[in-house]
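Read through the structure below, which is laid out as structure tokens, and then see the notes.
A, B, C and D label the chains in the order they appear, each numbered from 1.
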Amino acid sequence: MAGNSFGELFKITSFGESHGPALGVVVDGCPAGLTIDLDFIQAELNKRRPGQSKLSTARSEGDQLEILSGVFEQKTLGTPICMLVRNADQRSADYDNLKDIFRPSHADYTYQAKYGHRDHRGGGRQSARETISRVMAGALAKLILREYGIQVQAFVHSVSELELALADENIHPELAWHFESRCPDAEMDAQIRTRILQAKAEKDSLGGVIRCFCTGVPVGLGEPVFDKLHADLGKAMLSINAVKGIEFGSGFSGTHLRGSENNDEFLSENGKIRTASNRSGGIQGGISNGERIDFKVAFKPVASIGKPQKSMNTSGEEVMLEINGRHDPCVLPRAVVIVEAMAALVLADHLLRNRSSRMQPLYPESPLTS
Amino acid sequence: MAGNSFGELFKITSFGESHGPALGVVVDGCPAGLTIDLDFIQAELNKRRPGQSKLSTARSEGDQLEILSGVFEQKTLGTPICMLVRNADQRSADYDNLKDIFRPSHADYTYQAKYGHRDHRGGGRQSARETISRVMAGALAKLILREYGIQVQAFVHSVSELELALADENIHPELAWHFESRCPDAEMDAQIRTRILQAKAEKDSLGGVIRCFCTGVPVGLGEPVFDKLHADLGKAMLSINAVKGIEFGSGFSGTHLRGSENNDEFLSENGKIRTASNRSGGIQGGISNGERIDFKVAFKPVASIGKPQKSMNTSGEEVMLEINGRHDPCVLPRAVVIVEAMAALVLADHLLRNRSSRMQPLYPESPLTS
Amino acid sequence: MAGNSFGELFKITSFGESHGPALGVVVDGCPAGLTIDLDFIQAELNKRRPGQSKLSTARSEGDQLEILSGVFEQKTLGTPICMLVRNADQRSADYDNLKDIFRPSHADYTYQAKYGHRDHRGGGRQSARETISRVMAGALAKLILREYGIQVQAFVHSVSELELALADENIHPELAWHFESRCPDAEMDAQIRTRILQAKAEKDSLGGVIRCFCTGVPVGLGEPVFDKLHADLGKAMLSINAVKGIEFGSGFSGTHLRGSENNDEFLSENGKIRTASNRSGGIQGGISNGERIDFKVAFKPVASIGKPQKSMNTSGEEVMLEINGRHDPCVLPRAVVIVEAMAALVLADHLLRNRSSRMQPLYPESPLTS
Amino acid sequence: MAGNSFGELFKITSFGESHGPALGVVVDGCPAGLTIDLDFIQAELNKRRPGQSKLSTARSEGDQLEILSGVFEQKTLGTPICMLVRNADQRSADYDNLKDIFRPSHADYTYQAKYGHRDHRGGGRQSARETISRVMAGALAKLILREYGIQVQAFVHSVSELELALADENIHPELAWHFESRCPDAEMDAQIRTRILQAKAEKDSLGGVIRCFCTGVPVGLGEPVFDKLHADLGKAMLSINAVKGIEFGSGFSGTHLRGSENNDEFLSENGKIRTASNRSGGIQGGISNGERIDFKVAFKPVASIGKPQKSMNTSGEEVMLEINGRHDPCVLPRAVVIVEAMAALVLADHLLRNRSSRMQPLYPESPLTS
């Protein structure tokens, strides 16, 4: 109930503080018999790691994966998989002056009010370092999805008002990893990088939008009332630090269309039911329809900025604050893999949940023939 | 797991098909000792009832509340409260021609694919009639919130590109119920009504945006990692039929701001910690900060339209379809109370969940003095 | 959290008070495509109904099944199934004198202390009438189990110190329904009936033990750490009114054996792995091993007795109490179907849960070929 | 769903294999502000540690506690607490000969059948080393309970047919820790020790019964339908390795009594409602009544024995097996603290759950005054 678990059948529990000994995750419900590719999980962590480029914070963390349980002879056992990363480059003293001050648009004040006791060092558990747990678990989910031909690919769609203007069919999200900005277009990448470095120089920060495509998703995933596939994806995204909005398919702009303009007509393609357009974003009535799942996630500008701001301290006095720690001027490039991880977690979970939607034969029939 | 329950401590389970005997909800976890105001719950149902005005469907349902359990001498017992509404004005025959056709941007196809067996009459469980369950349960949640001085008020913010342009301080959401469009502004109400009737005449439909304010929310609600208050509100909203997006505070437009522009500075007001602005939408780090919670929800244009559309039938043949049932040309006016209901459910749940955030004295101390 | 739901994937939520309008249950997670046999569910209700014989209470309830949702054309839709039974023969006035008195070994006092507000009529929600919800849901679970060749059969093993002494291989639980006592042996049935009528005449009550066999259970059901199959069965049984103990296989008497005496050696039978004995009761390490599941459930003597007892009232005064309502002198005969229902619920749930234990092919492959 | 979590509000997730890198637990939902006593938690682990006396296995493990998260300046943060113990003295080679053989009355066969892939070393996750996770989490629960004056004390009640015969009022469970057998009586301790060493010498094993008392439990804990306090305690106990039965208060022997003999009459004691006897075991209708909670747990004789047994291998051949690893001849002495841990987890969870049973004032009123 304290909200550190996510998922139902593929269920993860995250733990750890930014300046505590470690950050980690327990994955309970990963089916037995999945081959584990440790290099892949580490590579996913590397995509989120600080210090990848000049665009991100100078905190330098190896973020080295350690697996404590659930895997034997490179295959999952069906038992809980605990993965963790030790914290290394902590400069807790950097935060001494923040011990008694509430940073604007951070969760210092709300944590203090809720719990009455708080780890102020690096934001403690409010830190986006918590997303390490999500990336590790998400990597595991991706390994499952891969077995079923499902791919999750996100990319930076916009930073500030700089927005990728390509037509959908010309977007190749896999190119995102070739560009420091994680925007899959050379021209836009250059503009975004310049803009981020400029904000950094001005001790300010930027926000933006990440877009995510999920392809190869079979028809039928999602539970149709409260646990609609897009409702669960929405919760997953909104639970990421700094996210303030999400939209699917035509989303907010679709509210300007008429039904006759927004509906996705059906057609037959090689004997398969398809839709002529995809304004639904691949989900109808909360259930995947076999088209590409497509959504956009809004990240606010980073709250930690070097510019002076008015704030208050724990004694109720107004103070001026300049934050001088190591912060990202824009989290978008590092957040791409986090968006993917959360999407993968939702899809893996619903893949397992969907196994109970119908009466079906017992599997496996003969339990020892595996 | 089949996704018909919502909430953790204040937990609801919804049931019923559009043309089945009844729609209902079981609320488990409503604290004992709450006085039940049946007229209030019925009044909430009336706000969502079809046939309220020319703007909505002609289906005429009394939607009469019936309580089967959990209440004794007008007060809750702490036991499950089952509420239901019988279906009355069903014209199932209207749907005979839809038995084998998948309506575009409806869930006919995805339900068929998922379950292999489907109640086509009125959309069965995909019907927005399911939201009756939410409104009844939400009314109960509002009765709890009222005891703690919390109010949830939604209103129509836009229909198609017609958008309420008032400054935030000039919006009085309680006025919404005086206007058929549920937009709290006479001028905008007139424009929206005209536009909806026009779409209806053209056998087409419209979408729009509902905005919701929650006031009086104490600091500290929300669990900070996966069950962030706005993540749970987001899931709640995205689980409503036809919703395709949600944003909190400055939301998507906030991604165009810099940190120094978007941050909410703290100030002291009569010894209380407040923020000078509210671009966070009342939530920081997933926890309420005592400011007004503020979010916007995007509803796509209604998928059921009279205009001819290309579709497919269950035999895999392409067909032309004209939907001639009784449908709303725009769901926004009737959806206001549904948005409120879902928001109230989330707040009531987190109010109870927050009781476990800290060590605290036993309550009640002397169990029989009540 | 308020504890009125049971199960994870095959999940039921029970509602209703003894003297309220109705008792009911919502089953969420019943797979689509199951053929519903209404007569079977009613027949199960009839096995629990009061007034079946002279051995039970004189309260006369038809306990007529009503289904409100989730079934279309005699088959489950995969949506929630709400079933209810209206209360009819309520004599609430019988309970007026109990309004302010706590009956010994009843839950009057603990409910009052917990909730501060209580429906005293017929015990309200503490009444064993709540088990109607379990029997309806359990009947549905049995319909699923039947499809997989699984049978759940319980019977009265003992009443007071009268105990069925047959060797295991000579017990035919299906005969239980031929005898009013539900003990599958003519001689023992006669003795038990006499003993119960004698206790009734003396305004006293009796307890006893119900034993349950589950046959045809495939190897592999049960989750091995906290949700062991026998742990979930144990919780299921202990949640039934008046149950005070449970043991599996050799149980408490097995604690007197040595490992070499208690272990079940393996052997091969027609190429299948079997055990030579079944002191494990069909479960090893929390997972079914393919042998017959076998457990015993202890029911205390009914707490409601006509004999005078010392008690207290809500004003804290000591009083003498004689309970003159309509009560069973021994619940065992009516509880057999309740034990079966709860066992069926656990097995159906674990059957679905086990679908996620391993990586396996997508099912159904082609979603529309059903 | 894979069953490695326990509890609702005070929720633990266990992970780890016997011969993997570590065993651990994540506790989510521990309220903020609890002072953590590391020495106490380590002392609890020591009570379970192998090699404490000649009565237990020779495997020598320091079982050194490591805390990775959730605690800052000796107090809980309200965030997840991850605790772990590294495995040290593994002799995996001891198990090489068991790789392909199913040990009788162990879970080798059922794991293999369920998952198709298994860590055979030391039983992998089936090993009772998993209970380390429970003991660490249970110690934390005890720290909470202590704040509310609640104590959980278990002791060995019987080994084989040697049974503690003291009257209830003469039992002092706290003495159990002075005796190697954990039976709180010098005479019985001596007999039990002799008996265990004799079984060990004969390469055989013994079972027995642990009894548990919970004192200081306030009236009102437990949710009255499925999550009855004794149902949850029952599940907790049955989930411990080797447990085959549980009974509360008069339990199985109470089935021989009449209602007039088994009922607990009420009386007034210093203005408090008490019962004259405690055959209910401190729980009525699933809710604690303020009396001492009292239950007994049956442990089967250890399945691992040195005596030759008939078994089968993974190729389906019958084999003779002699188990020569390091095993306890009787687990009872080491299991006492495990029973206590599981009971403490259930009580802590229900203590938090009970905070939502009624309408009550907001707490804390002024969020920053802590």
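One rule holds for everything that comes next: a residue touches a chain if its C-beta (ideal position, glycine included) is under 8 Å from a C-beta of that chain, and two chains touch if they have at least 3 such contacts.
Because the structure is predicted, anything quoted here is derived from the model rather than measured.
Colleague: So which chains count as neighbours of both chain C and chain D?
Modeller: Neighbours common to chain C and chain D are A, B.
Colleague: With contacts defined as at the top, give the pair, B-D or A-D, that has more of them.
Modeller: Between the two chain pairs, A-D has more contacting C-beta pairs.
Colleague: Among the chains, which one keeps its Cα centre farthest from the Cα centre of chain D?
Modeller: Comparing chain centres, B lies farthest from chain D.
Colleague: Is the contact between chain B and chain C built from the same residue numbers on each copy (over half shared) or from different ones (under half shared)?
Modeller: Both copies touch with mostly the same residues.
Colleague: Measuring from the mean C-alpha position of chain B to the mean C-alpha position of chain D, what distance in angstrom results?
Modeller: Going by mean C-alpha positions, chain B sits 45 Å from chain D.
Colleague: Approximately how many whole Å separate the CA-defined centres of chain A and chain D?
Modeller: Spacing between the chain centres: roughly 38 Å.
Colleague: Which chain C residues sit where two or more other chains touch them?
Modeller: 1-5, 8-9, 14, 29, 32-33, 78-79, 113-116, 125, 219-220, 224, 273, 316, 356-358, 364, 367-368, 370 - these are the residues of chain C that touch more than one other chain.
Colleague: Quick check: in the complex, which residue numbers of chain C touch chain D?
Modeller: Touch list, chain C to chain D: 1-6, 8-9, 14, 102, 104-107, 109-111, 113-116, 125-126, 130, 158, 160-161, 199, 204-209, 219-220, 222-228, 230-232, 234-239, 241, 244-252, 254-268, 271, 273, 275-276, 279-281, 284-289, 298-305, 307, 309-312, 316-318, 353-354, 356-358.
Colleague: Within the complex, which stretch of chain A touches chain C?
Modeller: Contacts found on chain A: 1, 9, 29, 31-34, 78-79, 144, 147-148, 218-220, 224, 273, 352, 355-360, 362-364, 367-368, 370.
Colleague: Per the contact definition, I'd like the list of chain D residues that touch chain A in the complex.
Modeller: On the chain D side, the touching residues are 1-5, 8-9, 11, 13-17, 20-24, 26, 28-29, 32-33, 66-70, 72-73, 75-82, 84, 112-119, 124-125, 314, 364, 367-368, 370.
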